[in-house]
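Below you'll find a set of structures to go through.
Heads up, the next two complexes both have subunit A, just with different partners, subunit B and then subunit C.
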Partner chain A sequence: MTVHNLYLFDRNGVCLHYSEWHRKKQAGIPKEEEYKLMYGMLFSIRSFVSKMSPLDMKDGFLAFQTSRYKLHYYETPTGIKVVMNTDLGVGSIRDVLHHIYSALYVELVVKNPLCPLGQTVQSELFRSRLDSYVRSLPFFSARAG
Partner chain B sequence: MAIFSVYVVNKAGGLIYQLDSYAPRAEAEKTFSYPLDLLLKLHDERVLVAFGQRDGIRVGHAVLAINGIDVNGKFTGDGKEVLEYLGNPANYPVSIRFGRPRLTSNEKLMLASMFHSLFAIGSQLSPEQGSSGIEMLETDTFKLHCFQTLTGIKFVVLADPRQAGIDSLLRKIYEIYSDFALKNPFYSLEMPIR
Partner chain C sequence: MSRQANRGTESKKMSSELFTLTYGALVTQLCKDYENDEDVNKQLDKILFSDFLPRGYNIGVRLIEDFLARSNVGRCHDFRETADVIAKVAFKMYLGITPSITNWSPAGDEFSLILENNPLVDFVELPDNHSSLIYSNLLCGVLRGALEMVQMAVEAKFVQDTLKGDGVTEIRMRFIRRIEDNLPAGEE
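Now for the complex of A and B:
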């Protein structure tokens, strides 16, 4: 089991943070383009899912998987989106994504007056705490470095 | 535990077959007196609740019937505009049935081609080499399973999140498609299955 990468978007589609651990393939487009493509895909999936659903939804879209990876999605009522790509062996990690939002993003970015909201997070503290939190996850393994 | 819908999408993203197998649930009928305490708005040729949730009526629900007569998009059964009809105090008290809007065939066509592109983007954004597109998409109310054949036809099944055995169902649908659509001499490829 492993964690590939993590995206953090605000409600306007700005990529607040991106980090990667075991990513073997790049999308082949500039990073900025990739964030936009990812946000656009999630935005479309959200509207797709809300139209397709036979019943009223509460949380909405949670995750999707392909033959090689699984994308986990968590959205707060304020529109912050936490997206983590892992391999297929990982189950539901809603609580992990919620922790990244509530204990890391809110505590270290929202409550930090020196971090302007709505732009890429520059805080080194946030970056390193997030990195060590993800590295400490039970499904994060250092295989293939 | 249930299968909600089946979609068959051709390699160009066109919907060639669709089946729904769920009874509409979560409908609420209520009698209202004049100032309607819900905010309604017109969206995609339908009258939807924009604000105000009560008694099982939720934001996003559509007006399905007025006084027991089904509405037809934004028009009542006898051809008047719904919003105009409900804006007139003389028509009250009025009984309105609300529920999740059912998909029209145009919307289904649109959603099928939307999924076709999401499928492609899903494989482009893969962090791993050689990934397929979306095979399973999970939400709190349903799971979408997709099986793409070597020739590019996609079979999509919407099922209950706890429903097992969808993979064999998808293979079985593929088998039925091959036997009864492809082997039919009157069927032309990529065209809707009748």
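Now for the complex of A and C:
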């Protein structure tokens, strides 16, 4: 079981943070384009999911999976989006993504007046705490399984 | 056991007093920096581009994230739900008071928050030469900034103020419009 990578976006589509742990294949496009592609896709899926829902929407888009990986999605009412790619053995990790938002992003970035919002997070503390947190997750193993 | 409980409330009281005194210091400094109360009122409400003192709007845009992280409240479906959350959850969390919600407009787009007591003005009296100062205007900026981050454009203003001799403090909130999500430029 493992975590492949993580994206953090704000409400304007700016990629606030990207981290990679186990990624064997790259997208083949520059990183900036990859972020735009990811954000654009998420935007479309959210709108599609709510439009086509046969019932009243509760949480909206949560995750998708392929035969090789699963993409987990978490969004706040302020438009902060946490996207984590894991392998297939992982169930619902909304609490993990919420923790990344509340205990890491809000505590270390939002509450730090020296960290400007709306651009890539420069804080080394944020990057390293996020890295330690992800590595400590029960479904993260040092070898991609 | 009871000693520990006392210490808990005491430290809460101390930190709210500290907040009240800090706010007072901020307003005093602004009064010194700006010549008339109108300008100070504007400063308290918003400074969009200031790097330094985080004034109302700038506080609001960050405060909303902390609020969402701690309160687990989801998206509000309408302005009434928003009013409830502001009064019962947000004000309680940050100022320790629960204002009441009254005076809904017939269209449901305006309401009043009535604060029996305003912790910001605990030790404050307005002197005669500052009679037009809206002392707690920071709150209006905070409300505006916070709600803008959850896609609501609102106007918040004080219509009654205990510092000016009114019986209660009343903030009038008006819903202007919903702010739509925009795809960033360059997306198909």
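Assume the second predicted complex is superposed on the first by the 143 of 145 C-alpha atoms of A that agree within 3 Å, B and C clash if a C-alpha of one lies under 4 Å from a C-alpha of the other, contacts with A are read in each partner's own complex, and residues count from 1 in each chain.
The rule is short, and it goes like this: contacts are C-beta pairs under 8 Å (C-beta built on N, C-alpha and C of every residue); 3 or more make two chains touch, one makes a residue touch a chain.
This structure is a prediction, so every number in the text was calculated from the model and none was measured.
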Margin query: Per the contact definition in the header, classify A:89: touching subunit B only (first), subunit C only (second), both, or neither.
Written below: neither
Check: In the superposed arrangement, does A:13 touch subunit B (first), subunit C (second), both or neither?
Finding: second
Notebook entry, point to check: In the superposed model, does subunit B or subunit C contact more residues of subunit A?
Noted result: B
Note to self: Taking the superposition on A as described, I'd like to know which of subunit B and subunit C A:113 touches: first, second, both or neither.
What the structure shows: second
Next item on the list: Please work out whether A:54 is in contact with subunit B alone, subunit C alone, both, or neither, and reply first, second, both or neither.
Entry: first
Next item on the list: Could you look at A:66 and tell me whether it touches subunit B, subunit C, both or neither (first, second, both, neither)?
Entry: first
Notebook entry, point to check: Thinking of the overlay built on chain A, is A:43 touched by subunit B (first), by subunit C (second), by both, or by neither?
Noted result: second
Check: Does the superposition put A:30 against subunit B (first), subunit C (second), both, or neither?
Finding: neither
Next item on the list: Enumerate the residues of subunit A that count as touching subunit B in its complex and touching subunit C in the other.
Entry: 40
Item checked: subunit C partner contacts - residues on subunit A that touch it in the complex -> 11-14, 36, 39-40, 43, 76-80, 101-103, 105-107, 110-111, 113, 117
Note to self: For a test of understanding, state which residues of subunit A touch subunit B in their complex under the given definition.
What the structure shows: 4-5, 20, 22-25, 27, 34, 37-38, 40-41, 44-45, 48-69, 71, 85, 87
Margin query: List the residues on subunit C that touch subunit A in their complex, please.
Written below: 54, 61-62, 64-66, 68-70, 74-76, 149-151, 181-184, 186-188
Check: Mind pulling up the subunit B residues that touch subunit A in the complex?
Finding: 4-5, 22, 25-26, 58, 60, 100, 103, 107, 111, 114-115, 117-118, 121-142, 144, 158
